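Structure, as structure tokens:
A, B and C label the chains in the order they appear, each numbered from 1.
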């Protein structure tokens, strides 16, 4: 049922190896890298938003009247 | 209704006349681009004659595009645009007026200048005539489609480059049929088919694009 | 009827779509892998040699799915864009922006594999064929969309401006395709016609369909991942995002 006689036949692709594997290779690379980047983007985003949230909470607890707290809030905003 | 379009056009023309340097620099850009090509390609006249339709059309297209960011920018900065958007008249017609004015100060002079530049490429008088006619028909479409890009990028950083990125792919049909008309004439075939399709594109560009532009302007001013 | 309508709109808010998307992603990923393995098995291992193109034709198993997806994603993007403009829903714009990078990559893959296919078959990496040229222009349209959205800071404006651009693009794609086609027939000679495709064996067709399904599922999965990031980013000041963050990675 399998079309190929040997693995080296399969790699050679009847002389078209470079073109076939060049196509499949780049496609595979993109389809691996794209999801990884998308997942990483969400992970770093979650970490960043969490940090921001914690900073906001701590400024809240310490009371909003003090000036230094206002500056902390500003810092988190500029780091967005 | 037409009176209102004419009023907007007249106003924009008056403003453009106060800044003739802008008009002149667009024309010079066209002249320089068209003159650079023979220097880059070489002086063989057969080759130049073959390349002329494409080179002149691409030059005119780039020159039109250069003048696009100015289309709404000044009115945006001094708040006039906001007034025009809030005005009771349909915004699409206002845009149509501005597009016509833009064509009168960019497309029309480019079309009239093109035959002179065509002489540099040793085009026949038939081809020169078709070149002028195709630019006269095609450049309104360029102004109309370009207005959409200008409105979408209004007030954004890097607006000028962004406009070209958005607008150039949409210009391709106009380029194909415009340069194709001249090409067909050079090859001894009739240019009528090309010119009529170009006319259809121009009608589409001038009468439908202003409504998309109006929607884009409303978004930009929100 | 009324009930169903409400249920449907329930998922149109980022708040309820976010967890739903999270649940859907593993399924679509699994489907993409299953269809991909099946398609690759049929296409690369079982399918016979093409009598005209030898083994080189096997590029078709990724080239055609990538081309289909690049066009289909643009249509879906324009659909979300139109929906967003008409009903002013937050989710539509997010979906459109989430789809664009995948669409652009599919267009790139289509061009890349097309070039690698063209070289051994016609002896050239690139021909100015109507389909190739239109695909290139489609890539430009995607890049324009992404660049426009990237340069607008206000996400609401970015959504709407992108929507107008996507709709203008969708109106233009057929015009561009037919003008390039006309242009191409006028400049015969150097061009190679791609339209007379070799009659395909049933097995090859199955391989291609399975691969297309795999690409489809992949695109859905990866754009849902991206959409989830966009939802969190845009709605970061709302309560539901705070709840999500609290539940995330304890």
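Just so we're on the same page, a residue touches a chain if its C-beta (ideal position, glycine included) is under 8 Å from a C-beta of that chain, and two chains touch if they have at least 3 such contacts.
Remember, it's a predicted structure, so these values are computed and weren't measured experimentally.
Undergrad: Please tell me whether B-C or A-C has the greater number of C-beta pairs in contact.
TA: Per the contact counts, A-C leads.
Undergrad: Could you find the chain whose CA centre sits the greatest distance from that of subunit A?
TA: The chain farthest from subunit A, judged by C-alpha centres, is B.
Undergrad: Counting in whole Å, what is the centre-to-centre distance of subunit A and subunit B, each centre being its mean C-alpha position?
TA: Each chain reduced to its C-alpha mean, subunit A and subunit B end up 42 Å apart.
Undergrad: Starting from the mean Cα coordinates of subunit B and subunit C, work out the distance between those two points in Å.
TA: 32
Undergrad: Calculate how many whole Å lie between the centre of subunit A and the centre of subunit C, each centre taken as the average of the chain's C-alpha atoms.
TA: Their C-alpha centroids are separated by 19 Å.
Undergrad: What does subunit A use to touch subunit C in their complex?
TA: Answer in residue numbers: 1-4, 10, 13-16, 19-20, 22-24, 26-27, 30-31, 34-35, 38-39, 41-42, 45-46, 49-50, 52-53.
Undergrad: With touch defined as at the start, can you tell me which subunit C residues reach subunit B in the complex?
TA: Touching subunit B from subunit C are residues 85, 137, 140-141, 143-144, 147-148, 151-152, 156-157, 160-161, 164-165, 167-169, 172, 175-176, 179-180, 182-183, 186.
Undergrad: Give every residue of subunit C touching subunit A within the complex, in rising order.
TA: Per the touch definition, subunit C meets subunit A at residues 44-49, 54-56, 58-59, 62-63, 66, 101-102, 105, 108-109, 112-113, 116-117, 119-120, 218, 221-222, 225-226, 228-229, 232-233, 236, 241-242, 245, 248-249.
Undergrad: With touch defined as at the start, can you tell me which subunit B residues reach subunit C in the complex?
TA: Those in contact with subunit C are residues 148, 152-153, 156-158, 162, 165-166, 168-170, 172-173, 176-177, 180, 183-184, 197, 201, 212, 215-216, 219-220, 222.
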